[in-house]
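Two complexes follow with chain A in common, the first pairing it with chain B and the second with chain C.
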Partner chain A sequence: MDDFIRIEGISKKYDNKYVIKDVSMSIPSGRIIGLLGDNGIGKTTLLRLLGNLQKPDEGEIRVDNTPVTQMKIKDIVYLLEPSNIYDWMKIKEAIAFYSDFQADFDKEKALRICREFGLDPNAKITRLSKGNKEKVCLMLAFSRNAKLYLMDEPMGGIDPTLKKNIKKFILENIPTDATIIMATHLLKDLEVLFDQIIIMRAGKIIYVDTDEIRETRNQSIDEYYSEVMENAADN
Partner chain B sequence: MDFITNLPIYVQIATSIKEQIMNGSLHYGDKLPSIREYSLIYEVSALTVQRAVSQLDLEGIIQSRKGIGSFVLGDCKENLESRMIGQQVDEFVEKMKKMGLTDEFIMTKVKESLSNG
Partner chain C sequence: MLQIIKWEFVKQFHRLKWIFLFFAVILLSLALLPASWFETENDATSMILMFFSLTLMFGTLGLSLYPMYNMISDFRKKTYTMDRITGRSHIPVFFAKIIINLAVFFLAAGLVYTGTIMLDKFSTETLHYFTFTPNKPYLAIMLEMVLLYPAILLFCYMSASTNRYFRNHRTIGTFIGVAVVSIIASFFHLSGTVYYVVGLIIGIILIIASGRMADQRFEQHVYNY
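Our next item is the complex of A and B:
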């Protein structure tokens, strides 16, 4: 089968407390997946393990049949948080910098996205607003042509116009066979885009197909998610 | 397109394409837009479009040829009309009868509505 991502029995502890405990799942390629759950439940940890920015205490993650610990940087895009970009650079310097060490970085695409976002390539990143810094991060991530995109709340401070067009922006700028896993609180805005969702809650992970929920339960994903979280609170 | 969020998205796209065949914006033999094009038109994932197209293929409304694309089947319009219209009329009549209206009354009302254009 085309199990693009195989997670096998991974656990991660901080200060002797499990954030992720014995999680196994298989994710096929070409899926757009929403990663949902309360703050602090471990969404960022899961993304960081998938992106090989952290190592699990137990278990293994394979992407495209290769352990992530052996993956080359070019195959996975981990969307940076604004605090992690080199903000002393000008936007065009950041573009040159990333295109130098990322083989799949498309400079033309980067400049096109800058125009679409109204970003001036000559602007210094440090002087940008929070929303525009997020745009720079989105621009740098989506200028690549990768197989896996990992995103942690990519649109916290983004303006309403871009929020409205974000689905189109994502679809226009990724290869159709790429997989996206995106942690987000904007479920209402994005639920139509998600093929699947992963819901993290204390001690449990739910991984389901969105159209299957609509078909079998006659619920929107937002309704389903609220129900799951309410039931979790009752237990 | 605004989707109804508690109904499968792929079904709504399949219905939308069927409507385009019925209202003549897609003709028999026409090549459908590619998966990627549809994905941008409807702002849904390629997988969702793929599911909608497979559904239409399964229903015999289009024919997908690997590596070439999907085409509206030459003889599907009539089929589609009779199926979709049949279903709508059945639902309407059932609703009216549930309200306790007589056949005659329903007929008169339909005729009135038609003549009002």
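Our next item is the complex of A and C:
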């Protein structure tokens, strides 16, 4: 399978301190990838670099053979946090906002997802519960038809029923060749989603197929992740 | 561009609607109060008129500063990401904000004009509750309030935000920048058409330069915007 994302020796530092150092990897298309690691390890920064919201200090990222810095930000789906949405907006205004600016935003799909999630398009964002605000963020992301979806902690407040059906929901709402990279701490809830995982720990990146963990090692992703992190602590 | 202007208007409407409603209520109250009310002047009526007068004065001051705040406010909020992922360049957004500034300027001017007329009926030969006496032509005030001062503040803010020494102290960096620009400006004494043309050109150049800085460098060193 061709590499959809190719990351070559990227580094990023803030205030002369490396958050990401010399990271390289290749990611094929059509995969759902879990991005795991402790807080502050650089997961959000990596997502922002992939989304062209920030530029690496060194190295290059290519998406679909194009340097990501030459891509338009609007060609990549970046999942919002609830606090990113103007709270004076009604849900239907948030939908109108993105359908005005993003050519691949499907308004009909947005309204259908609202119905599936039990969201009233006339409801004001400020009056929604935390879980429903997260549903609005998911709705806005999955109403687009893009090739790359970047998600930072997408399901903290989502109800158990949706979490249970999340894989079905995602597969129904993205193009078949789309790639999703999802940073999360909710491994137990979401591990069923992942085709591959990236584990970030100080100075090192582990990129592994989940099938290999489940079938060869006979471990759950959660168990494997705990083992990796414990080994890292011992070292 | 029209979509950008539309959403900037919607955004500003939600931000300012309660302020303008508040002033509308004050102006309506003044319109409904008969001039003869003043003839029964007592502490209560004087206090109320003084309250209206001071509210209009500070409201006008606030609205005249609002265009400057309007240019940089998006960068200081979490909602920045919602705008950013639309992929719009900052340059047209900044110009849309200048159009909003113009609308706010006219609303503020309308407030001053109406407030002056409304309170004038309660004034005596010795006591004026609210008057506005400009010390320069209205066109110059408009150029400065709508474009020039907001563009200078924006440029200084953006320079401070993307400078390695000031990006963690943006407020201080911005004030230093504004002070430096003010000192430089004090050496030039332009007037008339030359002032308007130079002011317009400088304003536009600063907006474009700020937009480029915002597009290319603003997020690069900020890990919690």
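In the analysis below, the second predicted complex is superposed on the first by the 232 of 235 C-alpha atoms of A that agree within 3 Å, B and C clash if a C-alpha of one lies under 4 Å from a C-alpha of the other, contacts with A are read in each partner's own complex, and residues count from 1 in each chain.
FYI, a residue touches a chain if its C-beta (ideal position, glycine included) is under 8 Å from a C-beta of that chain, and two chains touch if they have at least 3 such contacts.
Just so we're clear, the structure is a prediction, and the values are computed from it rather than from any experiment.
A.B. asks: Aligned on chain A, chain B and chain C: do they clash or fit?
C.D. replies: Here the two partners, once superposed via chain A, fit next to each other without clashing.
A.B. asks: Please indicate which partner A:Ser220 is in contact with in the superposed arrangement: first for chain B, second for chain C, both, or neither.
C.D. replies: A:Ser220 sits against chain B, while chain C stays out of touch.
A.B. asks: Pick one for A:Glu191: touches chain B only (first), chain C only (second), both, or neither.
C.D. replies: Only chain B is touched by A:Glu191; chain C is not.
A.B. asks: Where does A:Thr45 make contact in the superposed view: on chain B (first), on chain C (second), on both, or on neither?
C.D. replies: Only chain C is touched by A:Thr45; chain B is not.
A.B. asks: How many degrees, to the nearest 10, separate the directions from chain A's C-alpha centre towards those of chain B and chain C?
C.D. replies: 160
A.B. asks: Give one of first, second, both or neither to describe whether A:Ile85 is in contact with chain B, with chain C, with both, or with none.
C.D. replies: In the superposition, A:Ile85 contacts chain C only.
A.B. asks: In the overlay, answer first, second, both or neither for which of chain B and chain C A:Arg31 touches.
C.D. replies: The answer is first: A:Arg31 touches chain B but not chain C.
A.B. asks: Based on the superposed arrangement, let me know which partner A:Leu53 touches: chain B (first), chain C (second), both, or neither?
C.D. replies: Only chain C; A:Leu53 stays clear of chain B.
A.B. asks: Should A:Leu171 be classified as contacting the first partner (chain B), the second (chain C), both, or neither?
C.D. replies: The first partner, chain B, only.
A.B. asks: Should A:Phe97 be classified as contacting the first partner (chain B), the second (chain C), both, or neither?
C.D. replies: second
A.B. asks: Could you tell me how near the closest CA atoms of chain B and chain C get once both structures are overlaid on the shared chain, in Å?
C.D. replies: Superposition on chain A places chain B and chain C at a least C-alpha distance of 27 Å.
A.B. asks: Share the list of chain A residues that count as touching for chain B in one structure and for chain C in the other.
C.D. replies: Common to the two interfaces on chain A: nothing.
A.B. asks: Using the touch definition up top, name the residues of chain B that touch chain A in the complex.
C.D. replies: 3, 5-11, 35-36, 39-40, 43-48, 51
A.B. asks: Can you tell me which positions in chain A touch chain B when the two form their complex?
C.D. replies: It is residues 30-32, 167-168, 171-172, 176-177, 191-195, 210-211, 214-215, 218-223 of chain A that touch chain B.
A.B. asks: Once bound in the complex, which stretches of chain A touch chain C?
C.D. replies: Against chain C, the touching part of chain A is residues 14-15, 19, 44-45, 48, 51, 53-55, 72-75, 78, 80-81, 83-86, 88, 93, 97-98, 100-102.
A.B. asks: If you look only at chain C, which of its residues touch chain A in the complex?
C.D. replies: Listed in rising order, the residues of chain C that touch chain A are 3, 6-7, 10-11, 14, 78-82, 84-88, 168, 219-221, 223.
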